[in-house]
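Below you'll find the structure, written out as structure tokens, and then a few comments.
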Amino acid sequence: MKLPIDPATSASVLIEALPYLRQFYGKTIVVKYGGNAMIDDTLKTQVMQDIALLHYVGIRTILVHGGGPDINALMKQMGHEPAFVGGLRVTDAATMEIVEMVLAGKTNKSIVSLLNRQGASAVGLSGKDANLIVACKMASEQGDLGYVGEVARVNPQILTLLVEQGYVPVVSSVATGPDGMSYNVNADHVAGHIAAAVHAAKLVILSDVEGLYADYSNPSTLIHTMNCRRAEEMLASGAAERGMIPKLQACVTAVEGGVERAHLIDGRKPHALLIEIFTDAGIGTMIAS
Amino acid sequence: MKLPIDPATSASVLIEALPYLRQFYGKTIVVKYGGNAMIDDTLKTQVMQDIALLHYVGIRTILVHGGGPDINALMKQMGHEPAFVGGLRVTDAATMEIVEMVLAGKTNKSIVSLLNRQGASAVGLSGKDANLIVACKMASEQGDLGYVGEVARVNPQILTLLVEQGYVPVVSSVATGPDGMSYNVNADHVAGHIAAAVHAAKLVILSDVEGLYADYSNPSTLIHTMNCRRAEEMLASGAAERGMIPKLQACVTAVEGGVERAHLIDGRKPHALLIEIFTDAGIGTMIAS
Amino acid sequence: MKLPIDPATSASVLIEALPYLRQFYGKTIVVKYGGNAMIDDTLKTQVMQDIALLHYVGIRTILVHGGGPDINALMKQMGHEPAFVGGLRVTDAATMEIVEMVLAGKTNKSIVSLLNRQGASAVGLSGKDANLIVACKMASEQGDLGYVGEVARVNPQILTLLVEQGYVPVVSSVATGPDGMSYNVNADHVAGHIAAAVHAAKLVILSDVEGLYADYSNPSTLIHTMNCRRAEEMLASGAAERGMIPKLQACVTAVEGGVERAHLIDGRKPHALLIEIFTDAGIGTMIAS
Amino acid sequence: MKLPIDPATSASVLIEALPYLRQFYGKTIVVKYGGNAMIDDTLKTQVMQDIALLHYVGIRTILVHGGGPDINALMKQMGHEPAFVGGLRVTDAATMEIVEMVLAGKTNKSIVSLLNRQGASAVGLSGKDANLIVACKMASEQGDLGYVGEVARVNPQILTLLVEQGYVPVVSSVATGPDGMSYNVNADHVAGHIAAAVHAAKLVILSDVEGLYADYSNPSTLIHTMNCRRAEEMLASGAAERGMIPKLQACVTAVEGGVERAHLIDGRKPHALLIEIFTDAGIGTMIAS
Amino acid sequence: MKLPIDPATSASVLIEALPYLRQFYGKTIVVKYGGNAMIDDTLKTQVMQDIALLHYVGIRTILVHGGGPDINALMKQMGHEPAFVGGLRVTDAATMEIVEMVLAGKTNKSIVSLLNRQGASAVGLSGKDANLIVACKMASEQGDLGYVGEVARVNPQILTLLVEQGYVPVVSSVATGPDGMSYNVNADHVAGHIAAAVHAAKLVILSDVEGLYADYSNPSTLIHTMNCRRAEEMLASGAAERGMIPKLQACVTAVEGGVERAHLIDGRKPHALLIEIFTDAGIGTMIAS
Amino acid sequence: MKLPIDPATSASVLIEALPYLRQFYGKTIVVKYGGNAMIDDTLKTQVMQDIALLHYVGIRTILVHGGGPDINALMKQMGHEPAFVGGLRVTDAATMEIVEMVLAGKTNKSIVSLLNRQGASAVGLSGKDANLIVACKMASEQGDLGYVGEVARVNPQILTLLVEQGYVPVVSSVATGPDGMSYNVNADHVAGHIAAAVHAAKLVILSDVEGLYADYSNPSTLIHTMNCRRAEEMLASGAAERGMIPKLQACVTAVEGGVERAHLIDGRKPHALLIEIFTDAGIGTMIAS
């Protein structure tokens, strides 16, 4: 049961938020949405409330998402056995069609719907719309991975148009590749490239861990803040946990592309996004230049 | 083999097109895309070329599409048996999910991709994006049809924004219903309502017949032009062929909503769209007020 | 000592504020600032923080103020004995000069300075600037009151220009009268007329009481909400406490002029303004049409 | 008699035009109009149709013209004997007055009228309007040529204003010279300078020959494409036919001033302009950087 | 010799002009230019200075002119004998060509040039440009007058565009008639219709008399001010001098079309235009509603 | 008694003004108002008429003023003895409060009122509004001068906004200092810094002398024009009269900051401002780069 909050506390919170409101007013924030926050219904609603609140305080927000468990579920239902090579899904034409249907036709539209119900006006896009994300085929030493791509270029005009007009773009991680074919691209990478292309003030990546650990077997080694060089060293030395690698790469892409700060935060905590942005209690790991 | 066209003929065609260019410059045309032109690869490419050409001569074009055979194919693949009552698909939650994935995640994105390759800049939307199409549940005397809806309202601002900025919106016939659920709506109806809402100069519906017949068993009775009243009488008297009913209703919706002319044309003929718009040889059936 | 607020509470407060942010985004709110909140330094700072926060969440704010104790202080210092007839200051030319110096040269600039330090960009105006407030001479049965005026007309263009460009106008209650002379006008009335002229969404009047009482000798009779008719009846029947009369009149002027809601709130409570606007716990008395 | 063109051919032509429509959409094309196309009534009407079509497909068009046989006709009617020195008209004050009346009062207004009847909205200008063309007196070794000038500067603001608002400017080759006197300038040169000044995408010069010949006594030596350097060499070496010299100079001025392509085409062929721009069959001689 | 004016007088004049500057700032004034002021070189220069000054004090000015003696001179030079029926020039095709050449090619461009030298930026137009003046053929009881027209409609968009951008349009009294032919129209009438169409604040007609006389044989009967009704009575009763009839008609057209004031002033007086507009000493005859 | 001016003289004056109108149209002029012209009622009205006239001929005007005798008068009335050190007022907190009340609450508003009555739309500002003037504390070898500041920075956005919208800003010489305290700054210096910050075309300083003298004991040594270097030399060598030092410094600040010309003129002469700007008879001393 929710206890009523006394007015003095309410006022304190709002006043604490004041400098952050000032700082991000009219700026763009890119949020990578994924992990548990995309599965748990309560967390999901909270993220949507957070995005709607960002919108109403004049922050331009772009949401980027991948697919998660839905893809495997549909593949199984259709009798396709998911195949992975080196952590990457081998994506033949039939698989790609399923991936695209789930990402652009199910996950994306479901997020759009939730945001609209929170009072934002969301518009779903895939990387094919207005050629938003252009991919090249990923080279792999372990054989042909099929329609797996790497982000080659972002054409951000459609995003700029939509955020300027007060819409919240929701972008799924499907790209347009050579010859107009659909390519599966990493959603963290998409978020990093978009943040750089729209000159975002912040990139925030929601994940299922507290942040980045200096030693990922030891939770007491959480890194609160690091610069780009150290992030690159961790990537080079293999110190980063496997699942965190693309997230860390995205942060580096964003910060090197001119984004002031990139954040890895724990999406399992309720309203982690709001707390990160509007309170003095910074959470997770921040990468800055 | 394509014979070269002599320059004089080229010039004649371009000059014949002049008054139509003048008439539709800066105007909006809504095209309902469906039937054979959506299946046959050559016809498909030609429709996309036609849309791109409309775009380049300054005509604002909105494409509306339904799903066609893809939906049944996926349903079968997933072990769902399509069920129909009175010609309407009974749409339970699982079916609706499949319908939406196919329409918004496969058909829509595939059209977007084809248009982009022809040089237009297309953006795919479903009726859930920016609450574009709002549906109410369809009442049926033959039992609960599930997530089958009727178009209740169109919010055309996102379409206006996009066409003004030179994008070609591609709209799939999924609507947002009560409580934000997805509803399956008739694509012809969607096209008719959008044409009225954006004050289109023309609605063009591509089908697999030559046009409307006064007596549908007799191809010599093709109606070249008719007014709205006669169209309503045909609907009331049951004289229209079953498959043509929603198309005819869409034309009536559009014309009564202020659209000058609605056209039923034969999508099996190459470049039927261009010929209808840019040559003196009108084709198919035209409904005007 | 301020205890740290736990993140969950912070998030709850921000989320509770969401619908209000949505409602007032881009709207104009007129705040009449006076009483204790203008004397107590802590309260003063808090009001300025509140106004700055309104500014940063995209609410256009106009602050109206009167003079308070400063005027009498300066008059005494200069050897003028304040004279009152029926509660109204008898204002000869020398008195008017003092009133204007204090209001426009001291109080106004001091508020501007405090707001600027909170991060808003404030611009001080008197009713003479751009002929913002035009007064006629107040008729009185108790003899000539001198330069005491009633608001005859508001020319709000300068206010609209400034709020559209992100400035916070701070308006002192000096008007321009016949022949360009300065006139002393009631600051509550000024706030009511300005709220109507700029089509404000809200008028909020800070006072030193909890709100309006049905029976002003009995604090348990606080009126939470009332319509315009009842407010007019209270004014006609003499039921309103003397000090509340101009405040209630201002509310009636505003609401009859099209402002949706007018509020009389207790400026002695910290952050009363924020609490009124952004929490579910409405405070004070609300007058609506 | 005009044979009806079959729909498939119409469609082919329109589709062939597509990439060119794309390329020139919103761009500016400067057309120098002269020679036979200005005398033969059928050709004249066709040029006007072509310009109107360019207008309706969103290409901004500026028409530049000289005077042709009308000037000599009027001079004779008025008893002036035309005098030429080195191919240049000796232009005393009386002659200049006749030249200006014919160019700005007859030829110009007659072109404006023809364009308006084709549905474009044309506005006639001479180089004196808004100081569009500023000339200096031409130095000549063969004595004083009077009011014969060379283009010194173009003030293109009025052209830009008009084309942006959808008008077709029609410019006659009269310039304003030292002390505001009228000067006769070469219309080809005017077209070249204007093309450079408005950053045109193309300059097209209509003449009475097929194009430029490497050896002008031999029609089989038509040059299809050449770069600026070769054009300058031909001018320097005297290889260009006398009548083609100013046309070739204009092409060089334009291309060196940043215009992508300049074309010398045969205005005697019906709709040469359309064929050059919208079909794959390039005609005449193209000069590019 | 010009005596130096003492500074005090200069200041007085400028200050006297102040209320008129205020009144006409940003407004449009249409000036009909003709008579002696168009022939005498000193007067001509002064009118151009006056127009330039209007321009620099922010008054939007449109100049309308007819042809005057130049037309007859050229006709005689070319061996055409001018023919008049009831005061109207019989205008066959050859005559019309001469009229148009003189008006649009000589008189118009010469005025443009003079204005440009005074620092205004003038653009010459005839009624054919952008279909500015549309005429119908004048019916006459005395036989076919040929290309003599009456103003049927004014399309003022091009004038509005030009004055908004700071240009001074100079309009010659040639109209476009049925089938795009040129028609000769009365310049006073053109000025009256244009004044009404652009919602001018004033129409000023320069003539060679002091103003309108109640009894035109008696200079002491100059009418200083009259309303529209009286002007119409004078026209109906034949009380107006023949030469003043079209001028008086133009004033009635303007005032009935919403122009506040129309003036008939004596163009033979130096700077009559400035004196009328900027000094307390009104001159000539004023017609108001 | 004012004699009527004959029309020819009026016209001459207006025509003489033409090139100056042309030169300053749409430009900004900063006027420092002070001295006798601020005390004598006739001169005061004339300055306001001059400013209003500048406004109506499209010149953007900013008025800067100091306080003059009013400050001492009020101080005495309140029993404060003005104290000066090296010509600078020792300004404790109480004195500063009086200074600010007089400048921003009396002098400023009285100027605003006078300008409004002349038909301009004036808006009064102090340096605290929108942080227009930022001061640092003045260092002094003769002890602490209290709240005496030097102009550190000007934030001219509010001035630009107001003049673009047709308002006349009237700026009093109060600045915002460290910690938001009010600082007394020299009004001449303020005018010089503002002129530089808004890229004014002219700075005009009204004083009570004819201009600058080479030898200030000898009125026949009036300097008509000098460059910036000479002005700096005069300041360095101590050749300038004490009272003229800040005025001369302001001129140097302006001219070095990019203002074309700065003028020291005799405000005791009626309409000196108009005469300086609009007549050939330049007055006072001009400093140019």
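By written order: A, B, C, D, E and F. Residues from 1 in each chain.
Rule of thumb we're sticking to: a residue touches a chain if its C-beta (ideal position, glycine included) is under 8 Å from a C-beta of that chain, and two chains touch if they have at least 3 such contacts.
Because the structure is a prediction, the values reported are computed rather than measured.
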{"item": "Neighbouring chains common to chain A and chain E, by label", "value": "none"}
{"item": "Farthest chain (mean CA position) relative to chain B", "value": "F"}
{"item": "Chain F against chain C, contact positions shared by both copies (same if over half, else different)", "value": "same"}
{"item": "Chain pair among A-C, C-F or E-F whose interface repeats that of A-B, sharing over half of the contact pairs by residue number", "value": "C-F"}
{"item": "Centre-of-Cα separation between chain E and chain D, whole angstrom", "value": "35"}
{"item": "CA centroid of chain C to CA centroid of chain E, Å", "value": "57"}
{"item": "Chain centre separation (chain B, chain D; CA means) in Å", "value": "45"}
{"item": "Sequence positions of chain A contacting 2 or more other chains", "value": "none"}
{"item": "Graph class of chain-chain contacts, one of line, ring, star, complete, other", "value": "ring"}
{"item": "Ring walk, chain B to chain D and onward", "value": "B, D, E, F, C, A"}
{"item": "Chain A - residues contacting chain B, complex", "value": "74, 77-79, 97, 100-106, 108-109, 112-114, 116-117, 121-126, 128-131, 158, 161, 165, 167, 174, 176, 180, 182"}
{"item": "Chain C-touching residues of chain A, taken from the complex the two chains share", "value": "2, 4-5, 7-19, 21-22, 25, 46, 49-50, 52-53, 56-58, 118-119, 269-271, 274-275, 278-279, 281, 283"}
